[in-house]
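Two complexes, one shared chain (chain A), two partners (chain B, chain C).
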Partner chain A sequence: MNDNYTHIILADDDEDDRLFFEDAFEELKMATKVNTYNDGVYLMDYLNKKDAIIPHILFLDLNMPRKSGKECLIEIKNNDRFKDLVIAIYSTSASEEDIEDTFVQGANIYIKKPSDFKKLKKILSSVVTTNWQYHTNGLNRSNFLLRL
Partner chain B sequence: MAFVKIYKSSWFVKVVFVVSLFLILFVAGLGYKHITEVSESQSLVLETYEVSVELEKILSYLKDAETGQRGFFITQDSIYLQPFFKSRRKINNTFAELKSLTKANPTQQENLKQLNILIEDRLENFEIASKYVLKDQTDLQRFKNVFFDGKQIMDAIREKLNSMISLEKESLKKREEAYQNATRFTPIFLFSIIIFTLLLLYLAYVKINSNLDQLKQKNQQLLVFKESTNQSEIINKHGSWRWDIEADTFHFSENLFRLLGEKPNSFEHTPENFNRFVHPDDLDKLSKQVEQMREDKDLPFIHYRVIHKDASIHYLKAYGKSIVNSEGKTQLLGTTTDITDEIDYLNKLELRNQELELNNKELAAFNYVASHDLQEPLRKIQTFLSRLEDKEAINFSDSGKKYVERIHAAATRMRLLIDDLLQYSRTNKSDEVLIKSNINTILEEAKQDVAETILKENASINAAHFPEMKVIPFQIQQLFSNLLGNSLKYRSKDKDPVIDIAYESVYKKSDQRLLNALDENYHKIIFKDNGIGFKQEYAKKIFTLFSRLHNKDEYSGTGIGLSICKKITDNHTGFIFAESAPTKGAIFTIFLPK
Partner chain C sequence: MKVFIKFNFNAVCAKVLQEKLDVLGVKHTISGFGEVDFTKELTIEKREKLIELLAPYDIEIVEDHKSILVQKIKDTIIDMVYNTDTEITIKSSTYLSQKLGHSYGYLANLFSEVTYTSIENFIILQKIEYTKHLILNENLSLTEIAFKLNYSSVAHLSTQFKNTTGITPSAFQRIIAKRKELNI
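Right after this comes the complex of A and B.
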């Protein structure tokens, strides 16, 4: 954790989305290390390992088989080890219900997956460069859904 | 007026009869008294005459005695003394007679006593005189004295008798006068009382007659009422029943039998007979409730089923309430209604509701498919397309580039359609609660939604200050951003868009468009732009789903945006209206209930 990289994890069951995500960071050429997991179970298995490197930012898809994003969110928020972890919800839908639920559960930001690669890059770079230490203090419902 | 009031009152007849009875008794008593008085006075008159006659008789007997004595004096023959002795006897008889006749009159009794003494004296005088004649004819002087004494006594007797007769006559006269005084007015008095009594009786008769007429009329009305009740029971499929609790007897109306599929009065009016028709599963419940009714003297609404002869099942509903009748007896009046149609209707409605619920669930599932599963492949197509445009565009031929461009346009339009449809179906949710919200913040958020366009089109938005309103916040935000987006999209080409948003608090009556509104007070929000506007004839059409006024080559759009606006105001039991003319800009007016 003492290196200068920003550690990023994405949990998403969709192969294409994982590909876009990795490509985007590759093209962004930021000091990031990206790991992806295929669903919530794989993700939690990793995070619960004692020697796991806890990432700076976790991108969490909501609709995943076996263990959904919401279940992961609750588990993470109930564990003090992850109190500094920034959680970005990364989902296809942006239904009021999902936004409300994840906000209440303590996610930091809600990203609706864009349909344009350039926009995706823009979003991801914005999330990574946000000073979350500062941002977390001013967390509120009206800027929870990321708009660019 | 007071008399009319008395005449109208129900106790009038009774009082008249009692009064008449007393008056007749009075008249009878008075008549009896009058007649008794007449006969009494008659007997008194007779008595007076008798007394006079007896008195006259006494005088005449004395005269007989005197005549006999004188005959004896002259002839010295004792034969002449016979009338004297006879007279003496007769006088005694008459005296006794007189005594009894005048026993009610003390004056005459006194007179009689004095008369008696005088007569005794006279008779003694006769005897003394007679002795003188027999013994010694010489002492003429003494005889003369005795004889003179006799004459004097005789005169006194005559005088006494006359005075007694005149006294008797006088008393007769007095009596007659007094009697006439007392009875002069009696006949007229009696007559008038009888006339008055007859009048009273006549009034009572008239009253009874009119009461009878009224009774007849009331009876007629009752008959009509009963018949109309019967008809109403048939039409409304209900029957009534009465339970006299003290006597424990029941009475069922005709239609109650028909509710059981029977002819009126086809069986005796008893609960046992009625229960024969009740559905076996409901019999226990019904019996318990009837038992309860015995205690409570009231029957709440109860439902049960009956089975007709044709085996058809009918649903009945009953209700009862106890009253105390004019005789102080408690009666339970009940109504039973056939609600089979209602139940059938309810069941059908229930079925429909279930179908609708199922449909809604399917729709919700479809929404999810549309929102998530359909979006995902589309998003990927678009993302890959953007990658293709970025990385591979240089390798394309001109027509290849054109195709990619077309694919891009089509995919964009598909996304728009899916998004809008999703929005539209989301506003379907009717179970959202109204929250007191700051409309100014909501408008700011709506502006954020279209911030990019505002910047691009160099638009200015002037908004008034809004009070708090009870709304579904995310829907109102959707409404505002749709209206803003609409104004920005249909902007005029030669001037920068300006959108004025005004607020007013209005009464229902102040705007004729609110004629059918349910509430009294409304928030009025007006969006006014300087865009291209539209013909007023389309003012209604633009709110219907998929309706568009322009070709999609001119203006992109799905024809859903304003339908969403309409749906949102509907959800708030509010209204939205549009006014416009080509090139004159458009005014959208929203009314939300306070």
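Right after this comes the complex of A and C.
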């Protein structure tokens, strides 16, 4: 249908998690382009550049040194430049408090990091295809909430 | 002396497209995936003008039969989900195949090939999106919505909502209400 990519960014301080994440996308059938950042400060430095390519989906780890995922989320939600950005929280935490709190702060997706690679692929595939449905069918993005 | 140049093809194409659409002077938005949304239907003259403007760059309007049929499937489903007044008593697969004049198997294969999702999932997605709309904007109870959307029971709707979104309808309602309070 198109030759373009779904552009994806992940901010996560754990190197293994970043690698798994990139590998999982390589095996999906939808064309994606993945960039990763090692923490929230690097991420925001990039996004705040004038010529930054704003991704379609941003994955945020919650616990990162220097600047946490939640701080990034709040900063992004306060900036009109990012109003079309879909935000996925990507965390080891499954506490109901974290989940509800980040949804309320404007996250669209909450993913608890799965323990095995196969599950990860399945989850990421479902995120990208659901996002694609919202994107191509003009669905109301403010109602886009997905927990996996 | 040689100078090396790097191209960003996507940026080039987007820029050309933008410039030509501005020349055309019709209200539109570029959705970024090789799709242009026109606020109003394009007139035949404008459409031909656009084809002419883009031709020197080898940019074409895609008229492929598959995309058009997929759009028809989507339109039929959306109509089916949202127009709850006209009650459809037959199965949605039969309805689609009768309405569009192709076998369901053909439609289903084509649909998943182009949209990365199945017709069944698309119907569920549309129903759940409509449910969200009804919860938030029409203030209907889940029981009323289940009846309106032809679910056999409120439990069935509730389960489908949870399976599709990962959260319960009441959690959804609570989160959106809190967002409104915080102005997010």
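Going forward, the second predicted complex is superposed on the first by the 126 of 148 C-alpha atoms of A that agree within 3 Å, B and C clash if a C-alpha of one lies under 4 Å from a C-alpha of the other, contacts with A are read in each partner's own complex, and residues count from 1 in each chain.
What we mean here is this: contacts are C-beta pairs under 8 Å (C-beta built on N, C-alpha and C of every residue); 3 or more make two chains touch, one makes a residue touch a chain.
Just so we're clear, the structure is a prediction, and the values are computed from it rather than from any experiment.
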Which of chain B and chain C A:Tyr90 touches, first, second, both or neither: neither
Which of chain B and chain C A:Leu145 touches, first, second, both or neither: second
Which of chain B and chain C A:Trp132 touches, first, second, both or neither: second
First, second, both or neither for A:Lys77, with chain B first and chain C second: second
First (chain B), second (chain C), both or neither touched by A:Asp16: first
Between chain B and chain C, more extensive residue contact with chain A: C
Set of chain A residues, in rising order, touched by both chain B and chain C: 142, 147
Residues of chain C touching chain A in the complex: 10, 31-35, 67, 74, 114-117, 122, 125, 129, 132-133, 136, 165-167, 171-172, 174-176, 178-179, 182, 184
Residue numbers on chain B that touch chain A, as the complex places them: 371-372, 375-376, 378-380, 382-384, 386-387, 390, 411, 415, 426, 445, 448, 474
Contact set on chain A toward chain C in their complex: 1-4, 29-30, 77, 100, 103-106, 110, 129-130, 132-133, 135-137, 139-140, 142-143, 145-148
In the complex with chain B, residue positions of chain A that touch it: 14, 16-17, 20, 23, 63, 92-93, 95-96, 113-118, 120, 142, 147
